[in-house]
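Paired with chain B in one complex and with chain C in the other, chain A is shared by the two complexes that follow.
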Partner chain A sequence: MSWPTNLDLGQKEALVRRAHSTVKRTESGREKEEGGEQREGRLTQEGKWRERQPQPQPQQQQLELRPSIPSFHPSLPSFPGMVGLSVGEKHFIQGGIAQDLRTDGRKRLHYRPISVETSVIPQANGSARVRLGATDVIVSVKAELGKPSPFQPSKGKVAIFVDCSPTAAPMFEGRGGEELSAELSVSLQRCLLGGKSGEGAGIDLSSLMVVEGKLCWDLYIDGLVVSSDGNLLDALGAAIKAALSNTGIPKVNVAFASSADEPEVDVSDEEFLQFDTSRVPVIVTLTKVGRHYIVDATPEEESQMSSAISVSVNRLGNICGLTKRGGAGLDPSVILDMVSVAKHVSQQLISVLDSEIFAAESAADS
Partner chain B sequence: MEYVSPEGLRLDGRRPMEMRQIRGEIGAVAKADGSAVFEMGNTKVIAAVYGPREVQNRSQQISDQALVRCEYSMANFSTGDRMRRPKGDRRSTEISLVIRQTMEACIMTHLMPRSQIDIFVQVLQADGGTRSACINAATLALADAGIPMRDLVTSCSAGYLNSTPLLDLNYVEDSAGGPDVTVGILAKMDKVTLLQMDAKLPMDIFENVMQLATEGCKAVAQCIQEVLLENSKKLEYQRGP
Partner chain C sequence: MRDLRLSLNQTQKVRLEAALEELQELSSSAASAIVTVAETIPVNHEDGVLKGHGTTELNGEVVATLCGVVERVNKLVYVRALRARYKPEVGDIIVGRVVEIAPKRWRIEINFSQDAILMLSAMNLPDGIQRRRTAVDELNMRSIFGENDVVSAEVRGLQHDGSLQLQARSQKYGKLERGQLITVSPYLVKRRKQHFHHLEQYGIDLVLGCNGFIWVGEHVEAQENAMTEDQESETEENKKPNKKSMTLEEQERTYTPFQTRQNICRIANAVRVLSALGFCLTVEVIIDTAEASASLNIDIKDMLGAEFYVLTAEREVQRRKSIKKGG
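This part shows the complex of A and B:
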């Protein structure tokens, strides 16, 4: 590829702006004519380069560079790996969604088959691997003894971190995946852990307490995206749910030698307490394409979205958290409609996930 | 500490010249051009290969051969106690470099000028010998991607503890402070492409330890060949008559 095509949007815009400013400057005063001429010279040079440029795939090149096409937002960080689509492909995807028959044969509100595998990381307290189409995520839960925060002496702490492995997409190499990792971690934290107070958390934080004000369990939930094929957030949410139900926290015997000092702890390596995960919500992401919305979007469909809403819903049908992504604005009534659809879909997802987790647990036991 | 019991058994119950269970599997990452999982005992790594494709950073383009790049990363949960290390620390940079140089030696880069091959290795579980496991996984992934190679590169480590040469060290043996010899060979051409050792060792014993590691590499090569053959048979079957 010759180099003018390497110009990104920002550079192009700057170029145009520069051209405007040179015109203004040459108009405003004679002293600046010299500088203006230089700049114009550079611009015409650039123009010449453009002419010389061979165009191997003119259509695709152009489309990738133009932000003005509706429902196409190259700047959104939520796309792992930009997909290049032709106009025809875009129409095909959009038309399929409008007719309730998507490119892979699913209906709008159908998930791809979910497969769950538990106890994949032996050194963790609990772990799970969830595959959703070609999306593949691993989540591990590690419990460490720590000190509760002074503001919430009767509660344990939970932290969620997500990493995007470069194996999933070359663009995650180096620091390339950090933005997406941060976005996913924060969304998961919001959807699963409730607010700062820990109120409304899907995980019962008071069950992590060992000695009030002195000792509690810190749960570190680490997610790793091994392969990315769209809908990472839902897959990670499901994997966290599966990993938590796989988690065994060692039983702790506390002996108070002297009440003022730190309590003496004896961590059992035989007895484990299972975690109550019935309240852990699942995350359902509804992606709006055109006038309709779909669940479990593939990267191609995600590239066509105008906006997306991720709703976390628990078994009782309560909404535990919500995130809206995407540039386009949404009508409030549409949001309410999407939330109710998400609630409906989530109950199906929970039952599918529960049976998958149960099957995985019994396969791991045998 | 006693790493080899008087009965001649190691901490994990192996004989001194015994390898851990090795297992390779092709096709872990659907979107990559080639990918593989490789396990050596409790060490487990995933490798994904993207390419040959257009060079992303034009200034790195080489006019007469392919550009090979590699990145090694460890998952937060891969080690016993949880850690969160920043990306691109010195250890992973060094291992990335080692893997890149080793793989570059076997890829026929002159056949793919002005293109780029990316190798990404991700450690899921670390229990000693990640370096070797990564190289073995990368070989499988490159073969899966159909990238022309001179030969299969395989790697294995060996050490020397309690006056006994030990094959394929695990984490406990690795951190015991004895020498750790990591060898990478081109299996059929019988050439050494990678050799690293820390700590000191008398010359004649080094010869034995290196010989042992080389034998280990050959055993790994056998395993990798079987995996590749199995995979080719599967592909042939899937293609139909």
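This part shows the complex of A and C:
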């Protein structure tokens, strides 16, 4: 974990505390400060630091090495599973996964109830909000006219960015969410956009072309994690699918002036083309805990994972993308097994999601 | 009802609204005004008013600065916020999670505005002998409670500097293992005689912490004498290095039995449903809800679905009606 370097000792100490315990949000902020002061006071005694004075750089580094600061740093997990669990609870969770009955009564391959809301952002071309347990994500799609890249003159461009709201979890405050945002963006790009050449993309890029080599639609897909309760990637994938099916791309009339290079365009304000989303994949993340793997892991379960594989599968059952995270390696046969399970689960998820999207669209229309 | 994120269909929506409306009517006779921020609290200025917590004076009127319930004690008028942190009282039984081990004390997160403190001297030693705590004891503190351990304890008192002291001077307090912790709003747990419940029919322990931390776990026999506990903590220590070498099969044999696990999950989901609906959590209601779900053949995971929420709300209406008739 890298610290922003321009923090003084007090701020740094506050950051450390914020990362390790739930943030105290009380009506009386005074008490919270008292708690902090106590801790700093103790530090002062032991480490002879003077409070709230800018420290020279080398001393700050020393601070991180000091044994009096609880040794949380080595155990920092890379993914949101920033939950402290006792040995007994960990054992209980692992046992539940082994016995196919998880802590909330689900089996290994059960999703939590998923709810979809569309057209949540009126300015965007399409938007959707997906809730999965207490995980809450919003995705908006913005379409702009642009120039296709010279390497793929017949294709449009899609960019995916994800942002983690600082309110989602205590560790997202400040720059804490940046790492995760980048990780999620890359995973989504890999799962939905295929390779660098655009081959095998889950989103049909050639449908975004307007004039070959001259004009195409650029889709900007922006995700926002409002609240994090595990399984962000699947939720974002579902939200992207919902947002794309909610997206209307304005109809463009192109008039070719005989002499000019640039075609003249007339973007219609009234006519919109619906995006073909039947082939947009969903993402199924299989989290491996012990010998078994589960879908839709909660943060507690994610903290126990050895590795996780995210597979994006479309309606036809084709694999559109695959990412792995987590430290532990996987046997190739296990991966194949996981992929086939993911394919099976994805078909259920797609049908659930489709009915939810349909219900949301009809609710938004009425 | 912050956690209530349900996709209700039309009939369920109507049923839930009807049930909640009825509940409101039933409770309206209790006459406790609910205020939001900037709402005027009606007071009789002739009697003289003491403005308490959550109130302020604006243009000669008493105005609420919090969302909550207006409470009146003689002249004092204050607002009790519903969604607030836990306010400890001496003698409360709480469940918390150890966040830090400091010299001679554990710091424990209990959803109070600061971490509670459990002194080493305020707890029974594993060997059960009453004596002064030595430096060796201090070094071995982690073998009693480590970081992230879930523990139950009792509120001993507030120090002058505002810090909260706990004590665990009984065999019933201590580490909680093999189960799950659910956190709910503290106001849902009322102070009662009993907070430790052994549900014999399910073989599980239910600890309703006054701070809104609820523990549902496998039943553990209370230690008869202190010696067994000592041995156990020792074996626990020995087990730890072995755990890695244990094969997965061996580890699986030590897991909670499936039947017990089902019961734990069912009770835990009953707690989740009730707390999401904002109903008070007493052991009777929790068991009643769990049994209702079992008798209706509702799958454990479907207890968190829309239909069971509506059913639970309707059952609560029936329950309160029958209490009213009886009373």
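Heads up, the rule we're going with is that the second predicted complex is superposed on the first by the 284 of 366 C-alpha atoms of A that agree within 3 Å, B and C clash if a C-alpha of one lies under 4 Å from a C-alpha of the other, contacts with A are read in each partner's own complex, and residues count from 1 in each chain.
In the analysis below, a residue touches a chain if its C-beta (ideal position, glycine included) is under 8 Å from a C-beta of that chain, and two chains touch if they have at least 3 such contacts.
What you see is a predicted model, and the numbers here were worked out from it, not measured in a lab.
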Inset, instruction - Using the superposition described at the top, determine whether chain B or chain C touches more residues of chain A. - result: C
Inset, instruction - Considering only touches as defined above, state whether A:Ser228 meets chain B (first), chain C (second), both or neither. - result: first
Inset, instruction - Would you check which partner chain A:Leu101 touches, where first means chain B only, second means chain C only, and both and neither mean what they say? - result: second
Inset, instruction - Identify the partner contact of A:Ala134: answer first if only chain B is touched, second if only chain C is, both if each is, neither if none is. - result: both
Inset, instruction - Have a look at where A:Glu356 lands relative to chain B and chain C in the superposition and call it first, second, both or neither. - result: second
Inset, instruction - Kindly classify A:Arg315 by the partners it touches after superposition: chain B alone (first), chain C alone (second), both, or neither? - result: neither
Inset, instruction - With the two complexes superposed on chain A, say which partner A:His110 touches: chain B (first), chain C (second), both, or neither. - result: second
Legend entry - Contact residues common to both interfaces of chain A (with chain B and with chain C): 134
Legend entry - Footprint of chain C on chain A - complex, ascending: 20-22, 24, 26-28, 31-32, 34-35, 38, 42, 70, 84-89, 91-96, 98-99, 101-107, 110, 112-113, 115, 131, 134, 290-291, 356, 359
Legend entry - chain C - residues contacting chain A, complex: 3, 5-7, 66, 81, 84-85, 97, 99-102, 109, 113-115, 146-150, 161-163, 175-181, 217, 248, 251-252, 254-256, 258, 261-262, 265-266, 268-269, 272, 299-301, 303-306
Inset, instruction - Can you check the complex and tell me which residues of chain B touch chain A? - result: 28-32, 35, 42, 46-48, 50, 54, 56, 58, 71, 73, 75-77, 79-80, 82, 84, 87-88, 118, 120-122, 124-125
Legend entry - chain A to chain B touching residues, read off their complex: 1, 3, 6, 81, 121-124, 127, 134, 136, 138, 140, 142, 144, 161, 163, 165-170, 173-175, 178, 220, 222, 224, 226-229
